[in-house]
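Two complexes come next, and they have one chain in common, chain A, joined by chain B in the first and chain C in the second.
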Partner chain A sequence: MRTDEDRVWVGTNQGLALLENGKWKVYTEADGLAHRSVLALDVSPITGDLWVATMSGLNRFSAGKFTTYTQFNSGLANDVIYSVICDGKDVWVATGGGAGMLDTYTGKWAIYTEQNAPMHEPWTYSICAGGGNIYIAAWGGGVIEWNKAKKEFRDYIDPDGEMEIDLFPDDGVVHDITTAVTYDDDILWVATYFGLSRYDGKRWKGYFDHDSGLASNFINYIKANGEVAWMCTDNGLSSFNGETWITYKNLGTDQSGQVIVNGKSPKENILKASSSLSHNFTIGVDFKDNDIWVATSHGLSHGVVVGQTEVKTSKL
Partner chain B sequence: MNKKLIYGLFFLAFALAVGFSAFRKWAVNHATYMTGGVPHPINCAPCHIYPERDGILANILNEDYLSPLNAVCSSDGSALYVIAQDADMLLIVDPAQDKVETQIAVGRRPHSVVVSKDGKSAYVSNQWDNNLYVIDLASNTVSDTILTGAGPAGMGLSVNGQLLYIANTYTNNISVVDLASNTEIKRLYGGNYPTGVAVSPLDNQVFVSSQRTLPVPFRTEPITEVTVLNGKNQRVEERLNFRSAHIMENIAVSPDGDMAITTLIRPKNLVPSAQIERGWMINHGIGIVTKEGKKAQLLLDEPNAFYADPYDVVIHPNGKYAYVSHAGADMISAIDLDVVRNIVSQSSQHELENLANYLGMSDQIVLKRIKTGANPRGLALSPDGKTLYAVEQMTDHITMIDTEKLEVVKTIDLGGPSRTTVTRKGGQLFRNAGHTFHQQYSCYTCHPDGHEDGLTYDLTGSGRDLANVQTLRDLNGTAPFKWNGKNVSVYMQCGMRFSKFVTRTESFSPGDLNSLVAYIMRELTHPPNIHALPGGELTEAQKRGKAIFERTITVDGREIPEKDQCITCHNGPSYSNFQMADVGSLKDTDNPTLFDSPNLNNVYESAPYLHDGSAATLEEIWTVFNPNDTHGYANDMTKDQLNDLVEYLKSLKGAEYTSDQLNYEVNKSQL
Partner chain C sequence: MAIDTCVGCSYQHGGQCPIQGKNYGNTPDEVVPYANFQNAYKKHFLIPMEFLGSGREKPEPKGLETVRIGFLGPLEGSKDTPKGKQMYQGALLAIEQVNAKGGYKGTPFELMPHNDVGLWGAAANEVVAMDDEGVWAILGSINDIVTHVAIRVALKCEIPVINIGDPDPTLTETNIPWVIRVISDDRQSSYALSSRIYKKDGHKRVSLLRVNNRYGRVGTGEFKDASTRMGFPVAVELRFEDGDKDFTDQINKIKTNNSDAIVLWGDAKEMGLIVNQIRAKGLQHPIYACDRAVTPEFMRVAGKNANGIITTAQFNPRADNPSLKNFQKAYKERFKMEPDVFASHAYDGTNITIQAIQKAGLNRTLIRDLLTDNSTFQNYKGVTGEIIFDGTWNDVGQIFLVEIKNDDFQFAPVVLVEPKLSGSIK
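Take a look at the complex of A and B:
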């Protein structure tokens, strides 16, 4: 899901949903959506156009009209698109057939696969931009960095070569199967199904649910907001600013939830919350000023940041 | 006299007579063959001399015309700034003195001009150079160059004069330029071939009209976009779809911002072209958008008289009248906007949709038709609205009209050549609808700018053999013509058959046909290829694509049969062997035939593809319409290899453009 000024866009498995002025509107294939299953969204800061990644093509949604790009009618690498971002005039996608870039000024596409980039295979999951680079989460290939100035690739993989465990801690990304990447405040965060990695440009640091406040090693999505990274896991939403962990969970019995501060540490503090996430299987998160929006497997949740480490949440 | 000498002379005369007779017979047969059996005077020049672009004879036979396209008036009305498209110049004209004061060399194929709010600068869009020239009007020199998207055309100045909006025709987007720094600050998606720009006087909206239809499902009505930008944040806030319309060349906004008016054409390409007799082939009119959000299309045609190819529209400062130039009818229509307002406000949206085909509409809204010289295009109004200037592209004149009397006051000669050459006459014929039934359309109507309109027509009238309009650019040396290759010459294409079946009129006279063919073959050229670097240099992707294009083995190392290799059919300077082929594209609606291998130079300009326009993009030729590798062996390619092939195809251009240096930096930075 993605916030866009006063609007909230949500990709669902039954269409693209828009929350505006307290009202929902849903766009489907009948409106021009490429496929009802929407996997990722981003808004171009230049044009205001919404880019929609679906299970069957890429949409540009501009002024109420959809334009569809597919692997059949354009240079799009593959129709199954897991991630889309707008980086200036360029639109990047992570697809099942490689990463792709569309230069919206010239209409030219580029495709990056194991044929021309240090990927293990063309299956890519996530893309982010930051620090003059594009970062691609590549299945089995760790993180691929594209230096925009030099137009060069390099990769970051788990140097220990072990797929079952992170044999040597902090030697690189915790696992080569990466699910999401995000960059802000000069920090690259990498999500995997086996833990979290943080890279400050010099050193890697790994985090796991057994030795940190991370809710689960199974991380679906990650997004940094300033110095804080927000991890959407299969067991709640965690945030981490490099020092303090906070995890938000739904207790599953009623509307109430838990806020766990610095879990798995001597400083662990479990607080009760009157409201919570709508489900602990979290898949997306975005921010607008003091508002935080969380996509879950059972609806969208809205929270309001009331302090540096406190969030009030409500279900929609 | 010596008997031997007499016999010798007699024999020589006899031999000459026999030889001449044989030659004449051959020439008659040749001309008959080339003109499709039409009786035609023997004349070598039209085919063998007039189409030549260079050389001594070409220079003697032809002239360099100005071909003015667009114009604006200075804020005090004392000067007209006129784009001379073929001369690559900006002319500054004193209309009071009928005098061209200054000629300023600008870029290639300039399109439009606007003047800054302070009157100190003029901005000229150079459509073939992908940039704007900033002209310092104190020194009449080029003071700066601003890079834009490809094919900059119409422009609009924000009310505060700080921003300039430019329609980039060839890249389908809109540049926003900050005039303080003379730099492009953003580029927004527009419609297909955006050309006209108008800024609301309230500065809250910018309207951009488009020439071509958006991609639509096969054999459905064209839908052409007017893009509406929010003037405050320079973002697209609306994409208005005009159904069954296209060629929306220019657009204007009323002084109080209550409506925008665009010129448009309503092509009836889904019904047989034979319906021209019922007024159902092509109509011409205006599109209207009101601030309340209503859309309307009103025809300017009459039941028995059509006003082809509306090009420009301007609105009187009092907001009561609009003026439309009909380039194909040599006419200006003066329109009563209060009547238009009344019709639009009193009608429901559904009623307005029904009115879109009403040929009686012009009787209500057109105040007067004003005759001009050949091919009136751009219009300019004096600041007080009392004088209308109409730029005549095919005469190098400007017609000056009194808007109170709606009468021509005088004609200003811009100083072009006084002689009308054969090709110039051909240009006038090409752009004039006088040769079609009820003057319904000109050659230009379906071939705007000598290209094609992106539509598929049912020319035979049987619902079969649908034909995707083909470009007329750089045709010399590319015979045969038509998709089925049945026309061995453009003569045959434009001659009697075409008149009988399509225009429903008498065919062109031999002299007119000579001129028309000379014009088509000599004057219509591709723009510089925006995907190609000069000197034959290729990008890395294009190099890889070239290797695929020329390959003889599959990805896994097997030999590709010669008939399935790209270069077998697409070779030579035009990337065609001019042979007939079956590429598996024949549809159930086609009569059995082979297809002429099309030229590929500047092929990126000609979507949709295949003979019936069923492939919306180059990619679809192979991803959708080539399941059995009948159109080249292609299904072994990965997607990135197909992308490389497409990138290479887009870069193909004629050899004459290979040494083109002017676009180098622009292209290189964008490729």
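Take a look at the complex of A and C:
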């Protein structure tokens, strides 16, 4: 899901939806969408084009028309694309067969797999840009960092080398199976299905649902907005600025919700909310000024950030 | 009578909890990672993942001509094609048998085969195609690369996956709440082999010769860790390529490194050739091998040199099990060949899938819920024996040590030697 000026683009498993001026429009394969299942979106800051990651190819939506890139007509590593980002003129994708970069000026692709990058396997899940680097969440390979200036890779993995444990929470990423990465305010945040990691360039810090306010260790998506990271988990939406945790939950019975401040700590404070997310299984989040949009497994939610600890939400 | 929710695993399984109080994956206490000096801050996989997303409310579609089940396996263009063919036939037999009894409320089940060619990423596209076909669950595959890619896409598509042939321990260590496995993995094989090699047979310096691919790397990972933690780190690890025929260099290195036993990890043909060349060079080391030695192909290639080799097997094809015998008879009548390990586990996995669909209805999330509730199919008694799921829905049921004697396989249930605490492995 991605905000773009006054528009909100939403990827669903039945097409690409656009909310504009209060009206919905849905684009499908009949319109040129590569596949009905849309997994990720980004908007080019240079051209304003929308890039659409689908389960069967990459789309560029420009001037009302879709252009499709597949592994058969381009340098795309694989047609199942989990993540797409625009980094200046470059478009980066994370696919089931490796990461890729399209230079939109030259039209040339670069592919990064276990053959030329420090990945055990070329199973990539998420990509972000920040601090002069590209970060790739590699399934089973931790985080791969691409230094754009030096054109060098390095990796960040869980030092204990074991899948079934995390020996120390602050010694690196909490698990090698990483699901999402985001970077802002000089902080790299790494989501996994086993917990959350935060890296300030010098030190790693790990967080779990038993020792922090994180709603669940199963994190589908993460996005940093300034100093605050927003974690879309399977059991609510959590935010964290390095000090304060806030989790938003739907209570399931009616429109009401719950705001949990600093959960699992002596400072825990549970507040009632008159509105809430449409579902606790959250899968995407984006921001526009004070507006926050949250994709869930049962609809899209819109909220307005009122203060540091309050978001008023409405279901769509 | 209502069954209480278990405080150990949060499921309503009744009776003794299959998970609570045990190390993950039946790991013996002495080989728990870092256990000798540090308790892990966080232990994963002890409590099964729940799926908290939506989907259970979707109504059952009407007017379907068939109830589709996806199948992903090496059916052509792969060296694993013979295994894939057996796996497909095992699944097909289960489908045909249930259709003869009325299928799903009178609608026949239909197997939707998709080829896995063992290439990076190719399986991703196949799973998307199965999603488009409207399958209710997916069976497969054998190749670890293929299956890993497949389950990630299945997670996004929210399709239950029943793995019936991939022994990669990491497959179910991904916390994807849509995957179960009905065949034991290389973790269990490694514990059985290491216990036998170091504790019963008293070896101290093992040479490991493995295939240079992901199957070899990940498959031997647990064996190497167990060896180190038992106090006998693998003396030397040597590799060969799939399809190699000459292993002189590796055997010469083993000859000079003072090892007292050899462990082989690869496919049947290469392991058979290695055994022959080891003996031809006069080496009399005891040889242990991974479960792919339990095949007619290995016996054919290794000949008399196969005698004395010890390996493991995920099930005992000669067990006194009426359902196994019935299956073997029906399979042979239908396909004019003996079922192998992949056919047998495919048969069990398909039957579990069919029963889950029949009970849950045509709703992927509800089918998933049933497959993973640690109650409905816990202790399922199939043709391959009793299936016991751990916290990752991985089958940690009884496996077997196999000794080759008089040109034949001798199966014996694995009992780990001298566990420090009772109850860690049975």
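Here is the rule we use: the second predicted complex is superposed on the first by the 316 of 316 C-alpha atoms of A that agree within 3 Å, B and C clash if a C-alpha of one lies under 4 Å from a C-alpha of the other, contacts with A are read in each partner's own complex, and residues count from 1 in each chain.
Here is the rule we go by: contacts are C-beta pairs under 8 Å (C-beta built on N, C-alpha and C of every residue); 3 or more make two chains touch, one makes a residue touch a chain.
This one's a predicted model, so the numbers in the text were calculated from it and none came from an experiment.
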Query: Given the superposition on chain A, are chain B and chain C in a clash or a fit?
result: fit
- line: For apex chain A with the CA centres of chain B and chain C, the angle to the nearest 10 degrees sits at 100
Touching partner for A:Leu251 - first (chain B), second (chain C), both, neither: neither
Message: With both complexes superposed on chain A, which partner does A:Asn280 reach: first (chain B), second (chain C), both or neither?
response: second
Message: Per the contact definition in the header, classify A:Gly97: touching chain B only (first), chain C only (second), both, or neither.
response: both
- prompt: In the superposed arrangement, does A:Glu164 touch chain B (first), chain C (second), both or neither?
  reply: second
Message: Looking at A:Asn78 after the superposition, I want to know if it touches chain B, chain C, both of them or none. Which is it: first, second, both, neither?
response: both
- request: Have a look and say if chain B or chain C is in touch with more residues of chain A.
  value: C
- prompt: A:Ile270 contacts which: chain B (first), chain C (second), both, neither?
  reply: neither
- request: Pick one for A:Val304: touches chain B only (first), chain C only (second), both, or neither.
  value: neither
- prompt: Of all C-alpha distances between chain B and chain C after superposition, which is the least, in Å?
  reply: 8
Message: Let me check the overlay on chain A: which residues of chain A are in contact with chain B and also with chain C?
response: 71, 77-78, 97-98, 113
Query: Contact residues on chain A for chain B in the complex?
result: 46-49, 60, 62-65, 67, 71-75, 77-78, 89, 97-98, 103-111, 113, 115-116
- prompt: How about chain B: which of its residues touch chain A in the complex?
  reply: 149, 171-173, 186-189, 227-228, 233, 235-239, 241, 541, 616-617, 619-620, 623-624, 638-640, 643, 646-647, 670-671
Chain C residues within the chain A interface of the complex: 24-25, 27, 33-34, 38, 40-45, 49-55, 120-121, 123-125, 128, 131, 145, 148-149, 152-153, 156-157, 169-170, 173-176, 214
Statement: In their shared complex, chain C is touched by residues of chain A numbered 13, 35, 37, 39, 55-56, 71, 77-80, 82, 95-98, 113, 121-123, 125, 139-140, 160, 162-169, 174-175, 177, 193-195, 208, 210, 216, 218, 234-235, 279-281, 297-298
